[in-house]
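Same chain, two partners: chain A is paired with chain B first, then with chain C.
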Partner chain A sequence: MMHKAAPSSTSILWLMLGLTLAASPHFLYQPIWVSLVFLTAIAWRCMNIWFDWYLPSNKHYLVRIFQLVIAVAAILAITFNYGSTIGRDAGVAFLVMMLGLKVTEIRSQRDYYVTVFLGYFVVITNFFFTQSIPMVMMMFIVVIIMTACLITVNDPKHVIKKLQIVKLSGQMLVQSLPIMLILFVLFPRIAGPLWGLPQDSHSGSTGIDNKMTLGKISNLIQSDKVAFRVSFEGELPPPAQRYWRGPVLWLTDGTTWTEINRSLTSAVETNIEYSGAEYHYSLTLEPHNENWLFALDMPNKSPTTVKSHINADGVLQSNESVKQRVHYQLTSQPDYQFNQQHEPFVQRALELPDNHHNLSKQLAQQWRSETATDEAYIQRVLSHFNQSDFYYTLTPPLLTGDTIDGFLFNSRRGFCEHYAASFTVLMRAAGIPARVVTGYQGGEINPVNDTLVVRQRDAHAWTEVWLQDKGWVRIDPTAAVSSDRIEYGINEIMPLSMRSPLFVANSDALIELWQSINNNWDAVNNVWNLWVLAYGPERQRDFLTKLGMTNPNWQSIAIWLGSLLSLVFILLPLLLFYQRQQADPVVRLYQDFCSKLAKFQLIPATGEGPNDFANRAIKTLQHHKSDINTITQLYIDLHYGNKSHSITELQTAIKLFQPKKAQ
Partner chain B sequence: MLLKLYRRISPPNRQRIYIIPSRFGFMFAFFLLIMLLGAINYSNSMSHLLVFLLVSLGHTAMLHTHRNIAKIELKHCHAEPVFCGQTATFTVVINNPNQRDFHQIELAHQPNKIISWNPFKRLSGFVYKNHISLVPAQQSVSSTIEITTQQRGYQSLGRLRVSTLFPLGLFNSWTHFNTSARVLVYPQAEGILPLPVATNSGEKIMLSQQKGLDDFSGFQNYRKGDPIHSIAWKAVARDDVLRTKQFSGAHSGQRCLTWNDTAGVGNTEQRLSQLCQWLLISEQTKSSSQLELPNNTIAYGIGEQHLHNCLTALALYHDA
Partner chain C sequence: MTDRVINDVLDSINSIILGKEHTVKLALTCMLAKGHLLIEDLPGVGKTTLAHTLAATLGLSFQRIQFTSDMLPADILGVSVFDRNASQFTFHPGPIFTQLLLADEVNRATPRTQSALLEAMEEQQVSIEGQTHPLPTPFFVIATQNPSHQIGTFPLPESQLDRFLMRIKIGYPNAAAERSLLLGEDRRQLLQALTAVITPEQLLKLQKHATSIHVSEALVDYVQRLLAYSRESGLYLFGLSPRAGLAIIHAAQAWALIAQRDHVVPEDIQAVLPSVVAHRLQARDEQASINLVSDLISHVTII
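And now, the complex of A and B:
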């Protein structure tokens, strides 16, 4: 019934290419030995084709045993590496590994098809890690190759040329785009997950932490990744007010700063009074796998689209960790009074570990006794940072021993977290309640779409002190050392080599070009993120409403889906089955001639040459004998090589040929 | 204008074409379902997009598979007579009237017509026979279908199925041709009785030079039905053309082969086989022969046409 030849070597080689490309993005982050096993299997299969290496089979049972040993070892190694739960990463590693082993034993068409379908599956797993535009483009190419594989396996005698196969595959995929688009827009989206997602489903996201150890943020500063994008309605806040509030750190053990226990803080009422200018904006936050949402200091209420609340620290806290890009609208007012009269946790803001920072404590107590008020003391400390030889640097020397003492008295080189931590210690040692606030400061305006792009390198830490009758007041000791950092953002003070790749760094024009490319690319990505990647149940409802669908429910979606699909079901076959006109103009002209004769029931029979047909026609149309003979002769000369006549001669002859029935 | 377009796409009286997913098509659908569940679970936009692309690809593949067989024509289907037990070869000419090539056309036939209330049952019982890689646009390609013969008489090809899986193998599209093509199967040439003695009338027919028994007289190109032992194998090795050795012998002359002469052989079939063998030897030795069957007599004659007439009579012989 079916043609059951084993897949040809050409089709196997195509498959090897497709699978390697499909799995290649995984090589970057999965354990190296998984990639090695996979690539070895691919190479083995290629060697089998090129140099007749043995494949595992019953005949070569030693090779088969070898393969079985590898399979068992691979399963054990994956279990050992990832633990017993099959999560996303372990699942992908397992899939890639098994695909490699499957490749060595493709014998029948069935094996081949299963492998191609698994290949499509590997393509999908790539999207669980990144859905960027380049990745999507690369995967489209992989899908073209995989589809070409299916064509090659159906062309066992290689009748079609390689290039033609790729062309056909590409054509078929392009013809598939309309239905894909309709389904993408209209297929009812269900809010996932259907079942529990593995723990590691969204790992690999970067962002600031809910604890601070000196030296941690500097890793983020190396990162160009976007943390969030903000588009303001109306005016933008001045740069010095662009503080994006994140976790607030209270507790310290001398080196690491951490949050206060959340179960305590959420129970306490906060008292924030807002005044002054309002800024309205919408923010698109990249997933960071944590529970806080960033907002311009200080949001006056929580957003409606994400379930969240403003916690006792003034941080916008979401109910679920941010595992996907979220989009929300907010209004913030930079002038506010936070717990003006009473701070229930004031004691926690004074705690310092015993036997740490002894030099700093001494210095603080000495200065506090020299100054009259808390405000004056704060000014004393800030001017110390400003006037002594403190430097703002992104590459501070490594601190050993007591980091705060070491920083204040020896190295004096550091960036935001060094200043924030040591300032807070100096405050607490002098009896002023203080806490560290982490988040982002600044951001770049992309002139292409006027959004403010805040990147990981804008990560920042500052201090808040609590003063009676003023509440929590933000004091940024970094500003005392490097006001440029706050005024112009981190971009300005970063060395050129860290801002743009080396090859453009030595020419201003190139840097400008580089930045304009970057800005445009980021604008494209923003649209991509907002409209394509974030297209879920809510976006779908919004979009369909915009299309003019009032109250889109499943019935109206089904009607739209049905009618649009039927339209394509009619139009696509029309396009595919339409018989193209003969490409050869001479043949086309001759067909015109034939259709003129067809009125007299004269139709060339299959296998009847033009001369025979002409003779038959002359029998019916005696009075047109000369015309028919001329045209036939011209056609034969033009079509069968002897091009002594010009095509216009035939054209006019046929045009003038108006056969009529003999009277 | 629309009507013209419609006619262009769907001319009247066209061959009915069927299409269903192949087993790989069902497998593909199963994989897509799993992928869709994964995409929904992870709420992953690009995974949705890929699944929809592949779903749509399935639909496109269906159209392409259908197009790859649409308007296919069976121009010709014919087989030369064979002896029973030999393989009959039908020459099948498939025509592609379209402007596009057909790829990977498979031929199968249903030897025994299946009559059943269940329409699916009628699709079963097909035997895969041959495979045509390419039928170029507006051209015809000939292929062969070989069937084994077990019984003398007419053997019909049965329903011919022309099918394709191209391009992706996800769909199987086919059409049936109810051909009336049949092959004439002569009885098997075998027997133990010696050839009846020729009566040399000598008056009218002086057929050949009277030479010694089994004298080699030359080569003749192989024709179906020639005994294998007379093939000149050495000559085949030389130039790959099958030839039979021709002998002129003492048997030349006139010979009457009658049904009654074979009485000692056994049943009807064996008697017919014996007559068949005699006819062949007689033809080989270029002697004129007459066949006498209980209900039919074929008069003296010689040559290919005469032999065919005699063998046909044997093939279609019915006991009175």
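And now, the complex of A and C:
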């Protein structure tokens, strides 16, 4: 019997190619030994086909014991490495390794199918790690190859040529696109953990911390990663107002700045009065594993689509940490008065650790005594930064000892966090309440889709001082040193060539080309993020409402989904049935005759004529010889003869034809 | 009546050509379908004997031309010679003026001579110096050629291969047939003794009868699918021409006539297909080791 035959070597080789490609993205972060086990198994199987290497057969009990030992060892090794076999990373490593072991023991068609389906599953696991466009394209190719595997294993005679297999497989995938689209658009999206990924799926996202130690942001500044993308309705705020507010740091132990205890701050009423221009925008925030959302300083309302509130520091605080890309609409007004009359935590904004920054404290007290007002003192400090030989540099010298004193009196080279921290210390030492605000400043406009792209390298820190009757006022000491950083953004500070790969750095034209490729690619990614990856419950509701569905909820969506899918599955057979109806009634009768014989595995092959088929059938059903011959003759006379016979004779003959197995 | 006649013809030929019933049937099919026959095989398997036997059994006048590389068209077609007495040119017909012409080893002749023959085959007449001389009816050419890879051959181009309705191979006889051949009488003497079973007039009648064999719409659909597959599958360098389609149907009609049926069935098509289309098809991928015709048959649905 054909279906019990071992899969052909061609189909095995196709499978090896498909599996290797499917698992290859995992090689990047899996422990090397997992990849090695997998690749060794694949290579062994290929060697078995090419050079007839030995392959264990499970007939022998020693081989079975060996396989068992290897499997147990694999489980133990993974448990040892990850602490369990559950979770995203351990689960995927387990899957890849077992898949490799399975490859060495594919013998029957059944084994082959099991392996192909495991391969499809490996394809899905790649999306636990990244859902980027290149990954989707690569996995699309893998799915074409895996489907080609299913074709080759069903084509033991190699009737279909190599390229045709790929073409056929691609055709099948393209034909399935409508169903894919229906499922994508209509499958009910339910927010919540039901569809969530394993807990460890979100490790490794980077972004601004709620701590600041001098030297930390510099890591971010090297990073090209997108932090968030903003598209404004209408006008953009001028560059100098593009402050994206993040965690506010109050406490310092002399080196590290941290937030004030949240359970205290959230209990306090804040008083923010807004005035002036309003900016409406929507923001797509990349996951950063933390509890805050970024907003243009200062948002006047928390967004409706994400559960969040504006906390006592004016930071948009989300209820859950941002583990997936979120998209929200906001309105911000850069003119605002923050706790104008009363700041309940004013004392915390004056604290400085004892025995730290002694030189700075002295300097501050001296200057404060020389100036009349707080405002004048602030100006004095800023002009000190501006006129003394302070430099803005992304690669400051390493500071040892008291970092603030060291920076102010010795190195004088640093970037935003150095200036923000030391400015805050100078303020507090002079009795002016001050705090450090972290976040992003600037961003780059992508001319392709007019989106403001804010990257990790736009990370920034500035200072707010509290003045009676004015409230918290933003003072950016970095602007005093390097006004370009604030006016034009970090990109102007970093030369273009520094942000491009080496091979284009020598030619301006190439740099421009590189820039425009980057912009277009980012625009494509933005669309992908917004319409495919961020297609969650809200997007689905919006989209379906636009399509004319009134008040879609998951029940009505499910009903639509079910109806559309059943429509497809009813229409397809109907179409096939209709095509059959179109056929000659004689042919239909003959097909009935054939389906009666099909019970005995007698199916006319492509290109097998009725007489040849009858002769073959008679070999199996000797006792029905005369019936089969009569029916075939009647059919031939009707279908190919030149006399007009009556169809009824054939009809009756086929109706009465009830083939049974010989006794 | 036709049934008996055809059986008699086949029996008569099979008494000389032993163990080659299918090949003999194909050769007769070709003649009943008014087609020219190309026999391609090694020397000594009975190509010439088959042609002789066919001529003798069907009562046709017979000529044989052994093709050589120094042969000229005039050697086949004939020449006009100046007759001194009549003071004019008179046409001396060449060996082509016969009912059955055996063109032996046709691929040994130069292309010029080959095309003279093939032109006459197509036109059923010979034109020399402005004068047209019709060829006798029925007129058949049975050409033999050695496998093309042999030394000193000019392979027939595709366009000229197309003029032959069928190309068949004879092949070695099976053991039993070969034994009786070796033990039996000399074939030449048997041939001498062979008498015609039918007259050329009867043959013409049979040819006419073959064209009246019913070809149903369903069958034409099948032939069209075959043609379409040969053009669209990408396996073949060129698809089959409409002329090839006609050839398939004519040959299948003649085959059905021999099988004593008044209509053509798909099996008739499949029976003649290898000999009708094999010489008209070329694989796109020359390395491919598939049988082009069986591939064609096994990929095209009948219903």
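Here are some notes:
Throughout what follows, the second predicted complex is superposed on the first by the 512 of 663 C-alpha atoms of A that agree within 3 Å, B and C clash if a C-alpha of one lies under 4 Å from a C-alpha of the other, contacts with A are read in each partner's own complex, and residues count from 1 in each chain.
To be clear about the criterion, a residue touches a chain if its C-beta (ideal position, glycine included) is under 8 Å from a C-beta of that chain, and two chains touch if they have at least 3 such contacts.
Source: prediction; values computed, not measured.
In the overlay built on the shared chain, the residue A:636 is in contact with chain C alone; chain B does not reach it.
Contacts of A:590 after superposition: chain C is touched, whereas chain B is not reached. Judged by the touch definition given at the top, the superposed model places A:560 against neither chain B nor chain C. By the document's definition of touching, of the two partners only chain B reaches A:160; chain C does not. When the two structures are aligned on the shared chain, A:123 is found in touch with chain B, with no touch to chain C.
In the superposition on chain A, A:608 contacts chain C only, with no contact to chain B. Once the two complexes are overlaid on the shared chain, A:94 sits clear of chain B and of chain C alike.
Overlap of the chain B and chain C interfaces on chain A: residues 159, 606. Contact residues on chain C toward chain A in their complex (touch as defined above): 214, 216, 218-219, 234, 262-267, 270, 297-303.
Across the complex, chain A meets chain C through its residues 159, 164, 583-584, 587, 590-591, 604-612, 636-637, 639-642. Listing the residues of chain B that touch chain A in their complex gives 5, 8-9, 22, 24, 27-28, 31, 34-35, 37-57, 59-61, 63-64, 67, 70, 95, 98-99, 103-104, 106, 108, 126-128, 131, 133-134, 165-170.
By the touch criterion given at the top, residues 1-3, 109-110, 113-114, 117, 120-121, 123-124, 127-128, 131, 135-136, 139, 143, 147, 150-151, 153-157, 159-160, 168, 172-173, 175-180, 183-184, 187, 189-195, 197, 201, 324, 532-536, 569, 572-574, 576-580, 582, 606 of chain A touch chain B in their complex.
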